[in-house]
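Okay, got some structures for you below.
Look at the two complexes coming up: chain A is in both, with chain B in one and chain C in the other.
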Partner chain A sequence: MSELSPFVLYFVTALLVGFTRGLPRQVILLAAPVVTGLHLWLNVEIGSTITHAIMSYELIILRVDKLSLLFGYLFCIASFIASIFSLHVKDTKQHIAGVVYAGSALGAVFAGDLITLFVFWELLAISSVFLIWARGTERALKAGMRYLVFQVLSGVLLLAGALVYYHNTGSLAFDHIGLEAGVAGWLIFIAFGIKSAFPFLHSWLTDGYPEATVTGTVFLSAFTTKVAVYALARGFAGEEILVYIGVSMACFPIFYAVIENDLRKVLAYSLINQVGFMVTGIGIGTALALNGAIAHAFSDVIFKGLLFMSMGAVLYRAGNINGSDLGGLYKSMPKTTVLCIIGALSISAFPLFSGFVSKSMVMTALMHGDYGYLWLLMLFASAGVFHHAGIKIPYFAFFAHDSGIRTEEAPNNMLIAMTIAAVLCIFIGTQPQYLYALLPWEVEYWPYDLTHVLAQLQLLFFSALAFVWLNKKGLYPPELPSVNLDMEWFYRKLLPVGAQQTVNFLHCAKKSTLTTIMAPMQGIQTKLAQSSVAKYYLSESWPTGSMVFWISAILAAFMLLDIFGLGH
Partner chain B sequence: MSDEKEKSYLFDRPENVERLLKGFYAICILLVLADFVLHRHIGFGWEEIPAFYAIYGFAACVVLVVIAKKMRNVVMRKEDYYDE
Partner chain C sequence: MGNNISLLLVVIPLIAAPVVAVLPRGRLPWAVALLVTSLCAVLAGMQLWAVLYDGVISYELGGWAPPWGIEYRIDAVNAFVALIVAAIAAITLPYALLSVEQEIPEEKIPLFYSALLLCLTGLLGITQTGDIFNVFVFLEISALSSYALISLGRERQALTSAYQYLIMGTIGATFFLIGVGLIYSQTGTLNMQDMATILPGVAHLKTVDTGFAFIMIGIALKLALFPLHLWLPNAYTYAPSVVTVFLAATATKVAVYVMLRILFTVFPHSFALATPAEELFIMAGIASIIVASTYAIYQVDVKKLLAYSSVAQIGYMALGIGFASATGVTAALIHLFNHALMKGALFMAVGAIIYRIGACRMDQIHGLGRAMPWTFGAIVIGGLSLIGVPGTAGFISKWYLVSAALEQEAWISVAVILFGSLLAVVYMGKLIEALYFKPATDSEKEVTEAPLLLLAPTWVLVFANIYFGLDTNLTVGLAETAAATLGVVNP
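Up next is the complex of A and B:
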C-alpha cells in the first residue's frame, strides 16, 4: 500500500468532485484529506521511495523523510480545515482548484528530483490562480493574471536552474543545492525566493491574496509559501544571505500592515512577516533554527488559516473587509470574534498558544548564533506582529467604533473549521512535545521557562499598552479607504504609464518628423510642378506601372552586372 | 434588523471598558515588578536593563506607528488609484 504517492488520492478526488454534487461531493471533499493523512500516518514509512522511468531518466515521485512527512501531515490538516470551511460553496471549479492545489503541494514536498518538483511547482501556480479568478470581479481577474505571471516566472527559473544544474553535476536529485552551485544555484534560489515572497518579489502575494474568494484565500495562505519554505529548507539550509532576507521580510511588511485598510491584505503582509521568521531560521542553519523554521511553518499554516477564515467569515457576512467600514461586529458574530482572538494570540506568540512554541526556537537560535542586532530587529518584528495582527485585526473588525452593521454569526461549517484550527493552536501551544517529536532534526528544546515566558509577556503587554496609549492620545493612524504603493506600483503604474508615454512620444516624434520632412518635399514638388521639367511624364505622378518599370530596370541592371562579374 | 431598543452589549457601557483597561494596566505593572523579583537568564548584554522587554516592546510599537504614519505621506493614494 505504501506504493501510492499521496497526491494521487487528491487528483482522483478532484476528478470525482467534478462529477458529483451535493452531499456525496461534500463527503468526498472531507474524505480526501482524512484518507490521505491516515495513509501517510500508517502506510508510508520513512525512507520509502517511488520512482518512475520516463525515457532514459528516472523521476523520483515519492521520497519520504521526516522533513517531507511533516509537511505532508501539515498539508492534509490544512486542506481538511479549508475543505470544511468551504463546504457551503456550490462553485465546482473552486472545489476542483482547491483539491488540485492541495494535491500539488503534497506532490511538491514529496518530490525527490527537480523535474518532478518543477511539475508540481507549476501545477500549484495554475490551480491556485482559479481561486482568485473565481471571485469573478474585474479586479480579481487582473490580479490573478499578475499573480500567474509571477508564479510561472518562478517555475521557468526553476526549470532553467534544474537544467543548468543537471548539465553541471549530472544529477537532478533535489537535496542540498546551495549557492555554491553557481548560476544553477542562483536560478533555483530566486525561483524559491519568488514563491516565498522575498522582498521586492513579494507583491504577487499582497496583490493576489486579498482578491481571492472568501474560501480561496484560506487555501492560498496554506500552501504556496510553505512549499517554498520547505524547498528552501531542503535546498539552501544554512545560506547566510537568508538570515538577512528573512529579517527584512519580518520587518518591512509590518509598516504596511499598520496603515493598510483591507484587513485581508493586512493578513497578507503579516504572512510575509511570519515567513520571514522561517527564512531566518533556515538561513541560520543550525538544528535548532531549522527545527524552529519548520515548526513555525506548521503553526503558521494553522493560525494564519484561522485568521484568514475569521476575516473570510466577516467578508461573507458583512460583505466588506475594509477596516474603515467595520467595527462592533462582536455584537453579531461573538463566536467568530473569540475564534479570531485565539488566532491573534497564536500569531502574536502568546505563551500557551502555538506561535510561542515555534517562534521562540528561531529567536533562541539567533541568540545562540550571536546575531545581536538582527535579534533586536526580530524582537521589533515580534512586537510589530502583535500590534498589527494581534490587536489591529480583531480590534478594527469586531470592536473599535460600532459601524452599525448587524449581521448573523458565521455559517456552521465555517465555525467548525475555525474551532478545529483554534483547538489545534491551543493544543500545539500547550502540548508542544507532539509537534517537536515530528521535527526532522534531533535537538533538545523546551520553550516554557521563566525567562521566555516573562520576557514574552512583557514584550506583548507593553506593545498592547503602546496601542492603548496611542489610541487614547489620538495618535493612532485611523483606517482610511486607500491603497498604499508597494512593489506592484512598478508594473501596475510605472510600466503601463511609461509604455503609454513612450508610445505617445514616438507618435509625436513620428508626426513632427513627417511634417519637417514633408513640408520641404511638398515645396519641392510644387516648385517642380511649376518648373519647366514638369512636362516630363515621370515627375508629375507616380503610377504603379512606372514603379514596376523602374524596378525591372534596376533588376536588369543588377543582372547584367552579375553576368559580367562586375558585382564581385 | 435594528430594533428600536437594541440590546446593550458588553462594551457599550463605558464602565466595562474602564474595568478592562484597569485590569490590563494592573497586569502591566505586575509584569514590570516581576522583573525585579524574578531572575531572567541573560543572553545579550542589553537584557540586563531592568524591564528591558517592556521598554523595548513599548518603544518598538510607538516607533512602528510613527514611521508608518509618516509613510502614508509617501505611499498613500486614493482607493481607485490603479483603476484610473
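Up next is the complex of A and C:
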C-alpha cells in the first residue's frame, strides 16, 4: 500500500470534483487531505521509493525521508484547512485548481529527482495562476499573467539547470547540489530563489497574492514558497550566501508592509519576511538551524494561513480590504477578531504560540554561528513583524477608527477552518515536543528558558510601546489609499516607458542618419528616377519586395561566407 | 507488395483529384476525399511498417532502372514524414465537412476537395520520390494547389495573400530549380542516391557550392525560415480553416524533410559542414524564435497569432538541423511530428470558433471559452503543449532540443529555447485570457458548443498531444531510427 505516491489521490480528487456538485463534492474535498494524511502517517515508511522509467531516464516519483515526510504532513494539514475555508465556494475551477495545486506541492516534496521535481514545479505554477485569474477583475488578470511568467521562468531555469547538471554529473538525483556545481548549481539556485521570493525576484508574490480570490490566497500562501524552502533545504543547505539573502528578505519587506494599505498585501510582504527567517536558517546549515527553518515553515503555513483566512473573511464580508476604509469590525465579527489576534500573536512569536518555538531556533542558531550583527538585524526584523503583522493587521481591520461598516460574522465553514488553525497554533506553541519529534535532524532543544522568554517579551513590549507612542503622536504612517513602488515598477512602468524611449531615440537616430546620408544620394536618386531602372523600384510592394530583398541578402551572405571559407 | 504501396500513395490521390472535381455537388465529393485520405493513411502506415521491418523500399517507375528512370526510394525518414502527412489529412477530412460547407461557396466545393487531394498528392510525392527533379515537380503541384486553396478564404484578403504567396513561393521554387540545374550540370544525374555517390568527387567545384546555396535558400523559403517567412502569416490567416489546419500541419514539415534529405543524404556530410549552412540555420532559428514569438504576442487575429507561432516553431526545427548532430536531427524530427499535432489541434479549435461566430479577432472572442468548453479545453491543452509543459508532446520536443544544444555547449541556443517557452506562455496566455476570463461582449447572440464533427477530430489530436507526451517510444524511436538512416552522427 505504501506503493502509492500521495499526489495521486489529489489528482483523482481533482477529477472527481469536476463531476460532482453540492454535498458529495464537499465530502470529497475534505476526504482527500485526510486520507492522504493517514496514508502518509500509517502506510508510508521512511526509505521507500517508487521509480518509473521514461525516455531512458529512471525517475524517482516517490522518495521518503523525514524531511519530505514532514512537508507531506504539513501540506495535508494546510490543504485540509484551506478546503474547509473554501467549502462555500461554488466555482468549480477554483476547487480543481486548489486541489491540483496542493497535490503538485505534495508531488514536489516527494520527488526524488530533478525532472520529477520540475514537472511538479510547473504544475504548481499553472494550477495556482487560476486561483488568481478566478477573481475575474482586470487587475487580477494582468497580475496573474505577470505571476505566471515569473513562475514559468523559474520552471525553465530549473529545467535548464537540471539538464546541465545531468550533462556534467550524469545524475539527475535531487540531493545536495550546492553552488559549487557551477552553472547548473546557479541555474537551479535562481529557480528556487524565484519561487522562494528572493529580494528583487519577489515581486510576483506581492503583486499576485493580493489579487487572488478570498480562498485562493489561503491556498497560495501555503504551498509555493514552502516548496521552494523545502527545495533549498534539500539542495543548498549551508550555502553562506543564503544567510545574507535571508536576512535581507526578513528586513526589507518591513518598510513596505508598514506603509502598505491593502491588508492582504501587508500579509504578502510579511510572508516574504517569514520566509527570510527560513532561508537564513538554511544558510547557516547547522542541524539546529535547519531544524529551525523547517519547523518555522511548519508553523508559518498555519499562522500565515490563519491570518490570510481572517483577512479573507473580512474581504468576503466587508467587500474591502484597505486599511484606510476598515476599522471597528470587532463589533460585527468578534469571533474572527479573536482568531485573527491568535494568528497575530503567533506570527509575532509570543511565548506559548507557535511562532515562538520555531523562530527562536533560527535565532539561537544565528547566535551560535557567530553572526552577531546579523542577529541584531533579525531582532529588528522580529520587532518589525510584530509591528506590521502582529499589531497593524488586527488594529486597522478590527479596531482603529470605526468605519461604520456593519456586517455579519464570517460563515461557519470559515470560522471552523480558522479555529482549527488557531488551535494548532496554540498546540504547537505549548507542546512543541511533538513538532520537534518530526524534525529531520537530531538536536536537543527546548525554547522555554529564561533568557529566550524574557528577551522575546521585552522585544515585543517595547515595539508595542513604540507603536502606541508613534500612533499617539501621529507619527505612524497613516493608512492611505496609495500605490507603493516596488520591484514590479521596473517591469510594469520603467520597461514599457524605457522601451518606448529607446524606440523613439532609435527612430530619431535613424531619421537623422538617413537625412545625412540621403542628402548627397538625393541627387543620384533623381537621376535614377529618370532612368529606365526606376520601373523596378516602383514595382515594389510589401511583403513580396521585402522577401525578395531578404532572399537575395541571404544568398549573398551565404555565398560570401562560403567563398571566404567561414564554414567549419 | 511493399513496393506497390509507395506508388499507390501518390497515384490514388492523383487519380481521385479529377474524379472528385467532376462529381455532382452535395456531400459525395467529401465522401470520396475522405475515403481516399483514409486509404492513404492506412497505406502510409503499412509502408512505414514495411520499411522498418524489411528495410529500404525501391520502386522503379515504368520499369526503368535508376539512375535513368525515376525511382521511389523509401527509408525510415520519408516513411515517417509520409505517415504524418497522410494521417493529418485523414484526421482533417472528417473535420472538413461542416467547416467547408460553411466557408466555401457550394458550387466550388468539389473543386475545393479536388485541390486538397492534389495538394496531398504533391506533399506525399515529395516524400516518396528519390529523384530531385521529381521533388521539384511535386513541390510545385502542392504549392499551386495550395495557392488555389488559400484564395478560397472567406475574406477578400485571401486573394491578395494567395497572390503574394504565389509570387514568393515561385521565387523559392525557382531558386531550388536553379540549384538543381547547377548540380545536374556537374553530376549528370537527378537521382538523389546516384548524386550522393558522384558528388564527393566534384564537391570542390564552386558550381556545386553555388547550387547548394540556391537549393538551401529555395527550401528555406518553402519552410518559412525567418526572415523568409513573410508569405506564411497572411496565407495561414486568410485561408479557409480546413486549409490552414492541413497546411500548417504538413506543408512546412515536408519542406523540412527535403532540407534534411539534401543536407545529409544527397550531399556528403563533410560538405555541408564546410559551408556556412549550419551557422545560418542556427542564426535564423534563434532569430525566428525570438522575433516571431514576439510578433505573435502583439497579434489581434487569433489565426495570425498561431501563424507567427508556427514561424517560431520552425525556428526550433532549424536549430535542431543546425546542430548537425544525431540528437539535433532527432529533436528536429520529433518536433516536426509534435508540432503537427499541436498546431493541428489549435487551428482546428480556432476553426470551430470561426464556424460558430464567423470571426476570430481577439476582441470578438471574449468569454467564448465558457460557451464552448470543449473547444476551449482543446486550446488550453494545445497551448500547454506549445509551451512545452511536462506531460504534453511539446515537452518531449523541448527536452531533446535542449539536450542537443547542451551536447554542443551552445549556451545561447539553450537560453533562446527556454526563453521561447516564456514568450509562448505570454501569447497563449493572452488567448486564454480573452477566451475565458474577459466578460463576453456580445450577449444577445447565444453561442453554443461546436458540433461533434468538428470537436471529435480536434480532440483526437489533443489526446495525441497528451499520449505522445507520456509514451515517447514511438516518436523518439522513429525519430532516432530516421536520424540514423540519414547517417548523422554525433560529432
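In the analysis below, the second predicted complex is superposed on the first by the 500 of 568 C-alpha atoms of A that agree within 3 Å, B and C clash if a C-alpha of one lies under 4 Å from a C-alpha of the other, contacts with A are read in each partner's own complex, and residues count from 1 in each chain.
As a convention for this text, contacts are C-beta pairs under 8 Å (C-beta built on N, C-alpha and C of every residue); 3 or more make two chains touch, one makes a residue touch a chain.
This one's a predicted model, so the numbers in the text were calculated from it and none came from an experiment.
Applying the stated contact rule after C-alpha superposition, one finds that A:170 touches neither chain B nor chain C.
In the superposition on chain A, contact of A:558 is made with chain C only, not with chain B. Note on chain A: of its two partners chain C and chain B, the one contacting more of its residues is B. Looking at the shared chain after the overlay, A:122 reaches chain C, while chain B stays out of its contact range. In the superposition on chain A, A:474 contacts neither chain B nor chain C. In the overlay built on the shared chain, the residue A:148 is in contact with chain C alone; chain B does not reach it. Residue contacts after overlaying the shared chain place A:156 against chain C, while chain B stays out of touching range. In the superposition on chain A, no contact is made by A:47 with either chain B or chain C. In the superposed pair of complexes, A:259 makes contact with chain B only, with no contact to chain C. In the overlay built on the shared chain, the residue A:459 is in contact with chain B alone; chain C does not reach it. Of all the residues in chain A, the ones that touch chain B in their complex are 139, 254-256, 258-259, 330-331, 367, 372, 375-376, 379-380, 383-384, 387, 399, 402, 404, 406-407, 449-451, 454-470, 475-477, 480-486, 492-493.
Listing the residues of chain C that touch chain A in their complex gives 164, 167-168, 171-172, 175, 209-210, 213-214, 216-217, 220-221, 227-228, 230-231, 234, 273-280, 384, 387, 389-391, 396, 398-399, 402-403, 406-407, 414-415, 418-419, 421-422, 425-426, 429-430, 433, 437-438, 470, 472, 476.
Residues 54-55, 118-119, 122-123, 126, 133, 136, 141, 145, 148-149, 152-153, 156-157, 159-160, 163-164, 167, 543-544, 546-548, 550-551, 554-555, 557-559, 561-562, 565-568 of chain A are the ones touching chain C in the complex. Those residues of chain B that touch chain A in the complex are listed here as 1-2, 9-12, 21, 24-25, 27-28, 31-32, 34-35, 38-41, 43-44, 46-47, 51, 53-69, 71-72, 74-79, 81-83.
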